[in-house]
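Got some structures for you, see below.
Each of the two complexes below includes chain A, the first together with chain B, the second together with chain C.
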Partner chain A sequence: MKSQTGLLFVLPALIVLFMLIAYPVAYTGLLSVTDGNGHLVGFKNFAAVLKPRVTTQAFINTIYWVFGSIVFQVVLGTLTAILLNQSFFGRGALRAITLIPWVVPGIVAATTWAWMFHTEFGIINYMMTGSGVLQSPIGWLTNKDTVMPVLIAINVWKLFPFVAIMVLAGLQSIPNDLYEAARVDGASFWEEVWYVMLPSVRPVITAVTLLLVIWGLNSITIIYAITRGGPANKTLITPIQIFRLAFESFQFNQAAALSVIFFGVAIVVVFIYIKVLSAQPGEAK
Partner chain B sequence: MRSKRTAALLALTVSALTLSTAAFAGEVVWWTPNWGEARAKELAGKFEAANPGITIKMEVTTSDGLPQRVLTALQSGGAPDIIEVQHGWVNGYAQNGLIIPLDDTIQDKDDYAKAAIDYVSWDGKLWAIPYRMETRAVVFNKADFKAAGLDPDHPPQTWKEFVDAATKLTGNGKSGFAITGGGEMGNTITGSLPYIWMNGGSIISDDMTTATVNQPAAVEAVTFYTDFLKKGLSPASTLENDGTAARRLFIAGAVSSYLGGQFDIPSIRTENPAIDIGIFQTPHPDGKETAGVLGGWSYIIPKDAKNPGEAKKFLQFMNTSENQGFFTDTFPVRISSQAQPRFNDPILAVFKSMLPFARPVPIHKNWVQISQAYFDGLQRIMLGDQTPQEAMDQANEEIQALLDS
Partner chain C sequence: MTASATRVIAQPKMKKPGLSWPIILIGSILVLVVCMFPFVWMGLSSIKTLKELYSVPPIWWPAVPTFDNYYKVLFESNIPRYFLNSVIISVGSTGLALILAIFASYGFARFDFKGKPYLQAFILVGQLLPTAAIIVPLFITLRVLGLVNTYWGLILVYMIVTLPLSVWMLTSYFRAVPVEVEEAAILDGASRLGVLFRITLPLSLPGLVAVIVYAFVTTWNEFIFALCFATDSSVKTLPIGLAEFSTEFNTDWGAVMAASVVMTVPIALLFLVFQKMFVGGLTAGATKG
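So, the complex of A and B:
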């Protein structure tokens, strides 16, 4: 009787969860093995979506995009956190300013950056040619060698404040005794960073990196708003390919198939990541 | 006792339900693009006055992301009663069973331009009522022409003359002719496909079984198009420019000509009144005819529309010769509407003269992916990754796979 009452109370939440998560996931799975009329077709959709060269290219681009973004986001974010953890005049203001990229809506940031990097009208080319750094304007977003690094830079700019604020919170929870003990032992500032700060915030960095991996794998806004995956698919990542297949080409079944594949790959990546990290017990504690 | 209460409750529910349906019975939900908002309000008001009991609920849409929004609404089952969409999208909806045929709604079908009617027909039925049509022509800066020693009254007609003129116009920070190669894919399709057609080529064969984009006629046209960038006659930013960006460059004085539409004219006139605007037909190969992509908008009624009857009545009202001509932003599809004085502005004459040469893009269920494959090929050429022949060979292979699937 008692357990039934409990079930009754969680039921609304369970129903919402089911409708919003389980049903779409299951329906995507069903779409991926059926055709437009709902007939089962086995793995035909998977074969059709894996065949074009663009799918491989998108996978490689996705890895480039996620890995490139995360390395710089974590490094830059952690350094910023260490800086903001020091006491100096104007620290409060600087902490607030650092957060700006994180709170600007993604689409606003992306559109603004797109104009700043524009070959003809962009302020970046204007400043660089005006000051003599560049002889002639560079097509940042149209040159195959610069377009992805530029997009990664924008993504890093957008998300490093998040890393910084999370790591900062971790740093502030380190008891002062540890620093004092380190100083008694004659540790320099960098030794403090290396032996006190980083080990203490490792769980935070781990969690944040996991979030960044998931966000990176899902991110559409910045790339779609700036290049739409172009030029010539140089910046096409899998989520955008799925979006294109479904909403620009009406190929819902193929899009579902690609989603399922992508979901599988993402699960594996996250699983390996968690496994590797839990294999080293947190010595920081 | 209990059953009585249940019955009462049931009765209450049923009457409440009927009430709410009654309240919505005469309401037509209409998605209309933002450019025609003021005119739409005026016509909706007139219709409501003439038809008591029917209310028109307008929802104003914007073009960015509209195809996705429409598709989501059509698939979700919660669609409005009328949506305005581009001609090219209609067939996809029809073939996926998302909209209803409108053969019983259209009046004076013979008065409609045949190319537009063909565009929204499939399987022997009419799936939309086309009301607006347009095609592109080259918009140019007359002062730049004079400065380059060209005669603005005799603009180039053939490809060769066109390239010569663009070469003379280029220099001192100005580009002669801006092609597009980025942003919204549709602009680049509209801008480059006509050259293939003029040259006697195509992207896919007429029976839609064979990809033909790597045939000599198509490759020659693609080379002609991309050479504007290769030879430096189009701005360095070409790969990130769509139609809007090309117009901005034109307004800023950075380019002397670009392929534009009549809807560009008002914004050029407001933003830079100093420019003396000229228009000429898109140049064609020597001895051949010009061509353009037929663009424009149609009304559709979704399969899940709540009040299709009232919606059809409203569409008939919107498409009387007078109202269609009043409502459209560019040319009306009804021939009789085109006689209205607002279409006699001399600057529209060239656009009007292009209409007979306008063609619909192929009506194939995979057309978006086919044009994407072609577009990617164009970008590979412009990036310097491949030669036109290599790029079109690859595109041809991808398009053939889409035709076979």
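So, the complex of A and C:
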């Protein structure tokens, strides 16, 4: 009796999610091995989508994008959290302000930064040439070598606040006696950071990193709004390639094949990550 | 001798070692500038004339602030319509997510049933799904159901984005409500639903606010699904409007910045008002595990 009541409460949400997640995932699998008329074609779609060099390049770009973003997001986010964990005047206000980049729409972040990085009229080129850092203006978003780092920087700006607020919550739940023990041993502030704070917030950082990996693999907005994958596919990541295959070339079946590969790789990454996590020795609990 | 003496004195009330104030000051200013400068520049650009925008070197303060850009955005573009669409879709999907999440979270928090851990895991997996991988089948499914280019299409699809985390956050809030309170009400003859709506929900108000703010902000900002499933201007949302603004007006940066302001202000206000509850709800899941 009791077991049925609980299930009844949960069921509506489950049905909606099942319809929107499980069914499409299965359907992607079916699409990937059929042609436009629904005939089975085996692995032809996979071969067709894997052959062009651009697919490999998109994979490499995706890895570059995800890992480049995460390293800086975690480092800057953690440093900001350590700063916000200090007590000083205006801390509450600063904490709220820090979160704003994360809360505003990604498309707003993209357009505003695109305007700031504008080659001729952008404020960033002006400040850099004015202060003598650069000799002449750089086409940040059109130059093949600068475009990806710039996009990563924008993505870092957008998401480091999330890391900061999560790590801050972790820092604030550290029991005081851990600090006191460190102080009795005469630890300096940075020793405290290294031996007390970082080990305590490691579970939070690992959980947040997992989310960042997923978000990185999902992020289309910033890149699509600024460069659409260009110039010369330098910023084309796999999610954008899937989108373009499906909605610009209308190759639904090839897009589905690429989705299956992407999905598989993403699951493997997440699985390895969780395995590594749970296997980590010396977890202070 | 002196050293040991000071140590004895210092021991009962040890001063908490922290960052020195110059580092705190410099760090704070740095964080403040990095986070806020783009918005300052966005605001300043939105009240400049075309000539001022396209001047080399750039002008910091506009000589005479102009509201032409806002006029263009509010009266000569589709942005007001998109704003309305965004409000309808965000309110609709937030409401739907809230209702579904309330029941699901209550079920997870208060009952034991077969397969519960698996079902909870399934819901979390929804949060981990790469959205790009299901755009294509979702599009086909929506097309079969006749939901492409409808409000309902996007409202439903946004459940993927908002529902999993909402269920997760609310479950931890419901668990924090003491069972004894509910049991007392049931002894007094209240029904399960009565208990949920009259006792548990009012006690979990901060959690509800966190979920509402989270779901609203996420759907208001969402870009990819809107780009794929809402291609008609009668249902397009603000993010899409902003993206096409740059081509529609041959990137009239003043108008783009004005539209960005129009789009950012509601979300920033909503967030700043509910900031404390929102952050509390978000971090509750992370720190409590």
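Keep this in mind: the second predicted complex is superposed on the first by the 271 of 285 C-alpha atoms of A that agree within 3 Å, B and C clash if a C-alpha of one lies under 4 Å from a C-alpha of the other, contacts with A are read in each partner's own complex, and residues count from 1 in each chain.
As a working rule, a contact is a pair of C-beta atoms (placed from the backbone, for glycine too) under 8 Å apart; a residue touches a chain by one contact, two chains touch by 3 or more.
Note that the structure is a prediction, hence the values are computed from the model and not measured.
Of the two partner chains placed by the overlay, chain B and chain C both lie in contact with A:Phe247. When chain B and chain C are set side by side, the one touching more residues of chain A is C. In the overlay built on the shared chain, the residue A:Glu120 is in contact with chain B and with chain C. Shared-chain residue A:Leu17: touches chain C; no touch with chain B. In the superposition on chain A, A:Lys51 contacts chain B only, with no contact to chain C.
In the superposition on chain A, A:Ser131 makes contact with neither chain B nor chain C.
Counting contacts as defined above, chain A residues 118, 120-121, 247 meet chain B in one complex and chain C in the other. Of all residues in chain B, only 67-68, 71-72, 92, 96, 181-183, 185, 235-240, 248-249, 252, 254, 365-366, 368-369, 372, 376, 379-380, 382-383, 385, 398, 401, 405 touch chain A in the complex they form.
Contact residues of chain A toward chain C in the complex are 2-10, 12-14, 16-17, 20-21, 23-25, 27-28, 31, 79-80, 82-83, 86-88, 90, 94, 96-101, 103-109, 111-113, 115-116, 118, 120-123, 126, 130, 157, 161, 165-166, 169-170, 173, 179-180, 183-184, 187-189, 192, 203-204, 207-208, 210, 214, 217-218, 220-221, 224-225, 238-240, 242-243, 246-247, 252, 255-256, 259-260, 262-263, 266, 270.
Contact residues of chain C toward chain A in the complex are 11, 14, 16-19, 21, 24, 27-28, 31-32, 34-36, 38-39, 41-42, 45, 53-58, 100-101, 103-104, 106-108, 110-114, 116, 119, 122-123, 125-141, 156-157, 159-160, 163-164, 167, 192, 217, 220-221, 223-224, 227-228, 238-239, 242-243, 246, 253, 256-257, 260, 263-264, 267-268, 271-272, 275, 279, 282-283, 286-287, 289. Chain A makes touch with chain B in their complex at residues 36, 48, 51-54, 114, 118-121, 137, 139, 141-144, 227-228, 230-234, 244, 247-251.
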